[in-house]
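Before anything else, here is the set of structures, which you'll find just below.
Shared between the two complexes below is chain A, which pairs with chain B and chain C, respectively.
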Partner chain A sequence: MNDKVYYWQALNRSLDVEMAADESIIVLGEDVGLYGGSYRVTEGLYAKYGEWRLRDTPISEGSFTGLGVGAAMVGLRPVVEIMTINFALLALDAIINMAAKIPFMSGGQFPMPLVVRMPGGVAKQLAAQHSQRLEQTLMNVPGLRIAVPATPQDAYWQLCQAINSNEPVVLLEHELLYFSKGELDESRQAPPMHRARVCRQGSDLTIVTYSRMRDLALQAAMQLADTGIEAEVIDLRSLRPIDWDSCIASLEKTHRLLIVEEDSGFAGAGAEITAGLTERCFLIMDAPPQRVAGKELPIAYNAALEAASIPRVADIVSAAQQLCRP
Partner chain B sequence: MSFVQADREELAMELDLQRKMLRDMLLARAFEERVAQEYAQGNIAGFLHLYPGEEAVGVGVLHAAEPADYVVSTYREHVHALVRGVPANNVMAELFGRKTGCSGGMGGSMHLFNRERRFMGGYAIVGETFPIATGIGYAIAMRELPEVVICFFGDGAVNQGAFHESLNMAALWKLPVLFVCENNHYQIGTEIHRHSAVAEVYKRACSYRIPARRVNGMDVLAVHQATEEALAQIRVGNGPQFIECETYRFRGHSMADPGSYRPKVELQAFEKNEDPVKIAIAEVVYPSAEQITAVGRDNIANLTESLRSGGHFPAEHVDVMQADVAAEVEEAVRFASESPEPTLDDARAALDCNRQGEVLV
Partner chain C sequence: MREPVLMPTLSDTMETGHLVEWLKQPGDVVKKGEAIAEVETDKAVMEVEAFYDGYLQGPLAVADTDIAVGEVIGYISDSLGAETKPAKQKADNAPVAKVAKTEIKTPPPMAEISPHAQTATQAPLSVKPVASEMASDKHIPASPYARGLARELGIDLARLAVGPDGSIRASEVVAAAVGRAMPNLDDGPDYELQPLRPMQRTIASNMMAAATIPVFHISARFSLAPLIALAREEGYSLTLLLAYACALTVEAHPRFNAVFTPQGLAQRQQIDIGIAMDVPRGLVTPVLRDVAGHPIKELAERWRTLKRKALGKQGNQHLRREDYRGATFYLSNLGMFDTVSRFDAVVPVGAAAILAVAAIQDGLAEFTLSCDHRVIYGADAARFFETLAVLLGDPKHRVLTSSNPLS
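Entry: the complex of A and B
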């Protein structure tokens, strides 16, 4: 069945399917129960599974995430929802010092079947404290996996995979994607959680991107096609690990690399992608890799400034044209 | 069974328990003193926090627990692991960083783990034990099991936000958590009156309506009894309990700390009058000084006879025990030093315990 559903509905569906199949799955977070989740992701589940499995927590991000860690050590499979990624800064000790390290520090005695979901990114005029992207903070932590679904189908697949994984997985969801629609076919076989996807074929340059920037890159690719440039667009889907092979296969065809990320560029995800692919593909590149990234500024409340602080389609088109100039 | 018989059996069990606790007190002291020597010789490195002075807390609390209970501990946890039944060989090997250590050499002194003994780890970020124990308590409560999780922490940890966040949740959902504060009065080098607006730690639990009490943490029997009472309350579903054990550490915060911030007389007074190991010996061995004073010298023979028939034992038995634990520690050092070092492949395997065989790019 190929229904068009919202991104939040796909996540909701994933939770419902998995929770029905496995009683050890619990959801923890602020307003995930009675309220149904601030982005409706847990809607209807409280009535179905009860308060012990859908737990409305106090506003204590550090400790309810840590509570998830403890519960995971004794066989529960907690899915922690942090209302927005901005509050995850208070939970970094639980994510980095506990979840990522306990399996290792214990010499492999305690796997960590924990999922931490967090909406993030720049939404609509939420100002600096509610417009963060923390992928670079989490990417540098051995022991974590980071999935960045950009479509309802990937949101469904990757949340199911994260729940079934014994590794701590952080799911970075984009606030502007919750109410985007796409196809969801639950019966389709999922690719591995970390596999990148070529969303558009092209021969002139490779655009590597993830999360909401995937949509902008695809729009830019359409405009570029009108000017005679065929861009291949790769949606990474996972930031740790990164599927280098899919990127290399594309670069062997295009020889030009453009990275598009919403986060600030300095020491960000794009820097790692650039370094990783330069190390692997330097000799086949026809031009230095380029990045289109967020500006080195906190995000302003003012709408025009906010829009100017993160990549726009025109920025991607222009960078691609520069890169392809003979 | 007659009442007399029942009393006798009860007494025998009590004395058996006392002896086991005394042996663990002696083992704790001997183990830690040897660890200090091994550190001085370079066989153990890193941050090393020792337990002498605080033995009555770990021993008293953990002897009141059931094997099915969980233990979450701090970075000063060698003795908690030993009393919990993690073999001294594997604890020592972990301190030596060897593959045979209870964490495979990946954790070291501050991160001892043992799944089989439900020893859920030592944590080196102050305050981390609160949410982890609360999470384990959540899983127990959700499954309606009769188990309890014991959460150790020091007096310094109650100033962390995680303390308040976790106690609130544990109380709110009536989770089976026993919070045990090892109040040694110093947050590293800062005395409790200089780090806490409320120096009576147990009072802090009251704001979350958690029944809390303070016990003499130098008296293993007092600690044991308080723990038994608290665990009984938790097991009938009354939610968390809180025990503050007032104790004192005889060494610095870690081996890197000479402890010069403490008045010498304070340390000497504690060592002389409050040594928990000496107190435990006095409680189990006959006749004690108090007993002699009570009955008078002329009646010592009678007293001795009655104590002997009651199962108390003479001072020589303590010597036998001392020799026994010394041999156990010696063997642990031999085992650790002859054990192999872990390899980088072992390190990767430890992390990949999560992977379920999946191969990544």
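Entry: the complex of A and C
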């Protein structure tokens, strides 16, 4: 099978394949059952696997995520869907204080095969309270794994891997990616969940990015190629852990680092990537690492302001050109 | 109060200065405007002036070392007593040290020295380690990668031009490595490495830059007897008269006063003749400005002063940047060496031609014109010589009249 499918379909396929194979997998969340999920990710599964395995929950993120933690402790493999990451703030106690720490505090007696899926990012005029990513909040929690799939293939692979992992995994999905299409080959061997991917080869600078910004970085790289700058684009795929080795291998070639992230830059994912790579690659860097990030602002509702608040292709092109001054 | 004395920026290309010697010793009274040290830059030895009244105070940077622009080389204090804390180093405290943008601020070396050592009579010797570090390339802003590459390739960062952002990147190092032919010293006998003086370094890099100019040469022989007779009669130097004849010729052939730029030929409005001069430390080219627009008498006076400055015989005055930069045409006269039958000179960047004058043999001296072929073509050069021949044939009437007889 090698078809073009939507990102949401890839996630749906993953759940279907895994749920068919393992009865201990359950899905918890708002409207995941009868309605099929607000982004159609659980479409058709309710009919197939029934209300015991796809539980529609009340609007109460703290309690149903906590329920997922408890279920994982006693042998189930719950996949919790939080309708948007913005509501995950209510579930942080369950994620940070319980899921991330119980395996450690129990000396490994309780594994935590929990998956929490969260749509996030700046979509289309959802205003400040519904346009966040919050990845930096979760990146700072030892005990969690964070996957950020940017393509249907990765969405499929990484959700399968998350479900099969005995560690708690947060899947940060992007709301604008659900209806992007890409190839899905379910028979292909998946790379490790945290392995970064070089999406485009280049010799002049390394653009490290993830999630939806991957597409923008690739577009920028095409424009840069017209001006004689060959950008290597790395899709991290995972924010915790980060695949430093792939980044280092690229920097050994390009000596210049540009990070593109949608979230605001201050103390964000890009800050960690910058620090991590500067520590490892200082002596081979030919320029100070640069970040293209969202503005230090809550995201505006106004469409023009919203678009200007986060990186655009032109921003990436211009930052790369500055970094590669002749 | 104690103010730092900084290594001044004496030319726009200067990154380090060679501290020749201190003219004052620690504890000496210094007056504002008074020379306290001599610094050799890329082309000239200049004086560092005190910007305050007070006493010169150590630690002084060690003489005969290269020191980065903007570095503290000593202090001027308003009292003889030693101070325990270094004065706050601010560029605007010391206007003489117009600190280059690329300077990396370093704390004054005083901080590392115990109060007891800081007497006004302290010997400069005691700060040698500090001073030698000041001269190292640690303060040249370079990317870590560029630094590593330079180390591997054996390139001295101090010799590289900084990039547009004021720092050295790998591209500058690689360009230097690729553009340089390195002799393999292992093949030959033992050797001793003599570090380049700033002037040697500048000449070397100017010559490397000039090597990219497509040059052709054209030669002719002239009798210099009438010019020599005139020089004796009027008491002018032969070189000056040659420069004047060149200027009048250039005025008749303005293309020789142009220079090639990628945007087009820059046709200069005034003829400034750079005259190559043999000096003990190397080679300088003092420039006579607007030669065609001034009577020979005035030029003779200016040329005498320039020569004295270049040879260090003009009291405290030395060649300044404005004395040796920006010539539009060059003259190199080796006629005083009887054995030289002909030679050709390198066209410096910034001009379109240079005239090389050899010694008189069998009554004739061979002139060789080296021309930038992007600006000047063969027939232009031939016509240049025709005009010059007319001038040299009857210099008394043609050269000494107040206005150019050819124009």
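As a convention for this text, the second predicted complex is superposed on the first by the 326 of 326 C-alpha atoms of A that agree within 3 Å, B and C clash if a C-alpha of one lies under 4 Å from a C-alpha of the other, contacts with A are read in each partner's own complex, and residues count from 1 in each chain.
Basically, a contact is a pair of C-beta atoms (placed from the backbone, for glycine too) under 8 Å apart; a residue touches a chain by one contact, two chains touch by 3 or more.
Predicted model only: the values in this text are computed from it and were never measured.
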First (chain B), second (chain C), both or neither touched by A:W52: first
Touching partner for A:D185 - first (chain B), second (chain C), both, neither: neither
Which of chain B and chain C A:H255 touches, first, second, both or neither: second
Touching partner for A:M112 - first (chain B), second (chain C), both, neither: first
Chain B versus chain C as contact partner of A:D22, first or second or both or neither: neither
Partner chain in contact with A:R325 - chain B first, chain C second, else both or neither: second
Touched partner set for A:M285, first chain B, second chain C, both or neither: second
Residues of chain A at both interfaces, chain B in one complex, chain C in the other: none
Residues of chain C defined as touching chain A within the complex: 143-148, 163-165, 169-171
Of chain A, residues touching chain C in the complex: 255, 282-287, 325-326
Complex contacts: residues of chain B adjacent to chain A: 70, 72, 101-107, 111, 113-115, 120-121, 123, 125, 128, 130-142, 161-162, 165-166, 168-169, 172-173, 347, 349-356, 358, 360-361
Residues of chain A that touch chain B when the two form their complex: 26, 52-53, 55, 57-58, 60, 62-76, 78, 93-94, 97-98, 102-112, 142-143, 165-168, 192, 194, 241-245
